[in-house]
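Shown next, in structure tokens, is the structure this report addresses.
The letters A, B, C and D name the chains in turn, as written, and every chain counts its residues from 1.
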Amino acid sequence: MADYTNYTNKEMQAITLAKCIHDGQIAIVGTGLPLIGASVAKRLFAPKCNLIVESGLMDCAPIEVPRSVGDLRFMAHCGVQWPNVRFIGFEANEWLHDNERLIAFIGGAQIDPYGNVNSTCIGDYHNPKTRFTGSGGANGIATFANTIIMIQHEKRRFMQKIDYVTSPGWIDGPGGREKLGLPGNRGPQAVVTDLGILKFDETTKRMYLAGYYETTSPEEVQENTGFEIDVTRAEKLAPPDPEVIRMIREEIDPGQAFIKVPVEESAK
Amino acid sequence: MADYTNYTNKEMQAITLAKCIHDGQIAIVGTGLPLIGASVAKRLFAPKCNLIVESGLMDCAPIEVPRSVGDLRFMAHCGVQWPNVRFIGFEANEWLHDNERLIAFIGGAQIDPYGNVNSTCIGDYHNPKTRFTGSGGANGIATFANTIIMIQHEKRRFMQKIDYVTSPGWIDGPGGREKLGLPGNRGPQAVVTDLGILKFDETTKRMYLAGYYETTSPEEVQENTGFEIDVTRAEKLAPPDPEVIRMIREEIDPGQAFIKVPVEESAK
Amino acid sequence: MSNKVCTLQEAIAKYVEDGDVISFGGFTTNKKPHAAVREILRQGKKDFIAIAGPAGMDWDALIGENRVKAYINCYTADSGVTNVSRRFRSKIEKGELIYEDYSQDAIMLMLHAASLGLPFLPVRLMMGSGLVDEWGISKEVRKTIEKLPDDKFVYVDNPFNPGEKVVALPVPKLDAAVIHVQKASPDGTCIILGDEFHDVDIAVAAKRVIVTCEELVSNEEIRKDPTQTRIPCFCVSAVVHVPYGAHPTQCYDYYDYDNAFLKAYGAASKTEEDFKAFLDEWVYGLKSHEEYLDKVGASRLTKLKVTPGFGYAADVSKED
Amino acid sequence: MSNKVCTLQEAIAKYVEDGDVISFGGFTTNKKPHAAVREILRQGKKDFIAIAGPAGMDWDALIGENRVKAYINCYTADSGVTNVSRRFRSKIEKGELIYEDYSQDAIMLMLHAASLGLPFLPVRLMMGSGLVDEWGISKEVRKTIEKLPDDKFVYVDNPFNPGEKVVALPVPKLDAAVIHVQKASPDGTCIILGDEFHDVDIAVAAKRVIVTCEELVSNEEIRKDPTQTRIPCFCVSAVVHVPYGAHPTQCYDYYDYDNAFLKAYGAASKTEEDFKAFLDEWVYGLKSHEEYLDKVGASRLTKLKVTPGFGYAADVSKED
């Protein structure tokens, strides 16, 4: 029998992402961890949630893990294969209609205390040390939808000031979005890392540690965060049910496209 | 044997319209006479012309005469069933690309010496004596495409000043379109009536009589035109080949949806 | 996925409100949601701000019944049957309708811009015409109608082409949209065959969307070939199974127009009295769409079926 | 209707010009017109103003070969294979590429606005981000590049909502577009299956349009079911029959991506030397698409065929 109690922080991260989706919500997912998380959510926590992707594929139910948001695996048996511009319009109209249904997952290379995210470059934009892909759909998503940010928890990524804002978060605190022309009633809801889950203070809009994994600690989170972070409200999150781990390893990502099974397990 | 020499002015008008389409052109047609004309053109004078309609149906080849631009008879076996906005974009891009392919047919209730057309109302716009449908696609067409105007030749329709400009023509002469923001290299090319064909002077952009039917005369045209019109350049147009009349009556509009066969003929 | 199937009565009662900014799908005599319009008439809903695309007897009847507070219009005729809808004409000639004219291009792009969520819409349309020279609804009157923008349009400069003046159009904020489609599933996913017209635009742009459908198919069935689907479930509030829901207009791949019916309406609508009698007979005198269908008659409906291979009710019986 | 069928060499030679403002269809690893891109590489065409939608190895290879004068971009990666395209990254890090970042939403809407013929495009996008704070190409440099607008964007007021500032984007003027479709007819009518992405937009917006297709069907055949067609003949300059023309990317209903090939490119493109060697082997060393297909190999291509009922190359051989 395979061992499903030896869960990894990455698996814990996927499950924590999954719990961010409320039942009945429409989750904008990409590939990778958010898709794994959304798949877990759809099977366990939020069976009535629906998945959409920024390329315009609405109401997806991939059987095999897609590699990109334009993948045929997303297209097969989805609800509608919309061109991208209709997705953009849908996203904007959800805000215009004051609907609270959208929850989106975005990633990045750097994040600041207000959840502003950089996925464009390290260093000066014009002479970058490292260049990434650019915005993709993330900027539009961060404009109109509530987001869950997914990022590796490292000091060099959690920075007081990031090099470039690809996807706006709460800018510099309360009222920050409005003054720049962004919808004020949308923004990042949580940051899910390999160490825990961070949320934003309702008053200050600054990040605080809301939960950490059994295998991590508030201290470890602070050590890996490049700015002062409030850990006083943090709770230890319960470990995952082995059945959930089994589901991820055997059903959702059997090819280990995005989550590697621990070595002792895969060597078995 | 049916008599195909007893052609009517309406049939002559359809044939004159047909000759306005050059081979290889894309004709924007509605229903009624322009469609009859375009069908004649496609069969005889311009076999490589294509028909499109403002509802977005591209490259139509109706077998039975459609009653409206959204008719299933236009949709069946057309090239593409575009939504209307793509038609609008296509029309605008033909101008942006400096293509000279489009030729459009529009109708109206009133026309002035510069080919400005009213299809909205008789009398004051706010308190009209008679209200018509409104613009439909005609305004956009008159903005971006060269047009052929089809109208009954009556004094009350050919006016020095029309009650409302639904579809702009040459406005008030040379430079008139440009100064109002309209493409200056597009505009009305001819007016085809039940009495003849009128064109626009290259220098003054004012209407003149270019041709009249065997059954009419320059004098009759002037009598039925509510403004001074130059008839000195007018030529008598050759009568139609009986074969063309046969084609209209037997093949193109056998149900007499838009062109009535003369009474002695239909009573036969 | 939630099940949105309900009766036509329930759908109209719940998702169409007095005073709504509302738009209908279809094009003059093609795929107009007439069954839903008849139910709107029956339920007495009123005070609409109509963003009428190419309209016909749908809006003409509502205008005739004084249900329209402001009519934003580009074309109103059951084209090919009447050259202008008669109640529309009559109310305007009598000064009893508040109306605004745009070109069809402008209105279709405005609805499209709404579906794209644009803040406003700059176009090179309507210039040099009465459509910019005349405002059907003055700024003063507009200010008294809450859901109408204060301006019909505004000239703005093209920031990328100095000196070029273009027309900025307002983007409508639709409260409700009603469309008729060929197939829908209980969750609201829709298949539209033939020209979609502006149906997808208004389904995305409106807050409340009613879909009437020829065939109700399972959520699983409708996902078998997503190259055919056009509207995702998220956009739809109610799904109503209404066979012949577009009668007397056409429905691609299903049925042709009922020209005799349209002609009868065209004739009746010439006078107030005949119009009222027509509605009494075909709308108010009937409790439901089912009664309407029975009154139209099964054999008459059967004759409207499209001829396979033609897409309309062609008479091929005399073919050699 | 004119016959527009020609060879890939002829199409690229005639309809793609040095200095073109150009856009390709498809989405990262789906339906990219790679055969055409390889021919563009072979013919030495250059100095492109690229309006790159979600790009991958298509634009990465052209950037690596210094064919791009200005790169208007939102995303460049064969996503799922490389997290960023390596020549793109390298050229930027070395300061050897003139580039501008927009969000994907912005670029897709800009191409759509071009297809609609809008004079400019107001959006509520990119605000509060580096996308408005930083200009990749300064106004000064823009003025030296004839076919680029002088401004990346301009803030304008929403004339219908006093006080609201929105972002006005320029509408690109495309000289050329290249798309790959499932079926086309000699006159240029196209069937696109699966997500059309921005393919129809660029086909309408561009002055010259090259269509490569999996299957060339007759003008009559393609009109049998116009619910499937997406692009009318009028928009197309050249039709080229190029089976597997999107390889190594996907083509809905036809074949899956060749992941090993994409991975090989991803690895090779990490260094200038390996990148050059890869192109020598797979582009310059081959005279035509036919030679390319033979080199890829028939059995390898066969394995990519989509599994009926799945839409991708699913392994159903182990099903119970």
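The rule is short, and it goes like this: a contact is a pair of C-beta atoms (placed from the backbone, for glycine too) under 8 Å apart; a residue touches a chain by one contact, two chains touch by 3 or more.
Values in this document were obtained by computation on a predicted structure and should not be read as measured data.
Novice: If I rank B-D and B-C by number of C-beta contact pairs, which comes first?
Specialist: B-C
Novice: Average the CA atoms of each chain to get its centre, and name the chain whose centre is farthest from that of chain D.
Specialist: Chain B.
Novice: Quick one: chain A and chain C, Cα centre-to-centre, how many Å?
Specialist: Centre-to-centre distance between chain A and chain C: 41 Å.
Novice: Please tell me the distance, in whole Å, between the geometric centres of chain B and chain C computed from their C-alpha atoms.
Specialist: Their C-alpha centroids are separated by 28 Å.
Novice: So the centre of each chain is just the mean of its C-alpha atoms; given that, what is the distance between chain A and chain B in Å?
Specialist: So the centroids are 59 Å from each other.
Novice: Where in chain B do residues touch two or more of the other chains?
Specialist: 75-77, 81-82, 85, 88, 91-92
Novice: Tell me, which residues of chain D touch at least two other chains?
Specialist: In chain D, 109, 112, 116-117, 124, 164, 166, 194, 200, 227 touch at least two other chains.
Novice: Between which chains is there touch?
Specialist: Result of the pairwise touch check is A-C, A-D, B-C, B-D, C-D.
Novice: Which residues of chain C touch chain D once you look at their complex with the stated criterion?
Specialist: The contact residues of chain C facing chain D are 109, 112, 116-124, 149-151, 154, 156, 158-161, 164, 166, 168, 170-171, 193-194, 227-228.
Novice: Considering only the defined contacts, which chain C positions touch chain A in the complex?
Specialist: Touching chain A: residues 1-2, 114-117, 173, 189, 200, 204-205, 207, 223-224, 226-227, 229-235 of chain C.
Novice: Quick check on the complex: what are the chain A residues that touch chain D?
Specialist: Residues of chain A touching chain D: 31, 54-57, 63-64, 66-73, 75-77, 81-85, 88, 91-92, 118, 120-121, 125-140, 142-143, 164-168, 171, 176-177, 180-182.
Novice: Name, in rising order, each residue of chain D that touches chain A in their complex.
Specialist: 26-30, 54, 73-81, 83-85, 88-89, 92-93, 95, 101-106, 108-109, 112, 124-131, 133-134, 136, 164-166, 194-198, 200-201, 250, 252, 256-257, 259, 306, 310-312, 314
Novice: Using the touch definition up top, name the residues of chain A that touch chain C in the complex.
Specialist: Interface residues on chain A, with respect to chain C: 24, 26, 48, 50, 52, 58-59, 75-82, 85-86, 88-93, 95-97, 101, 144.
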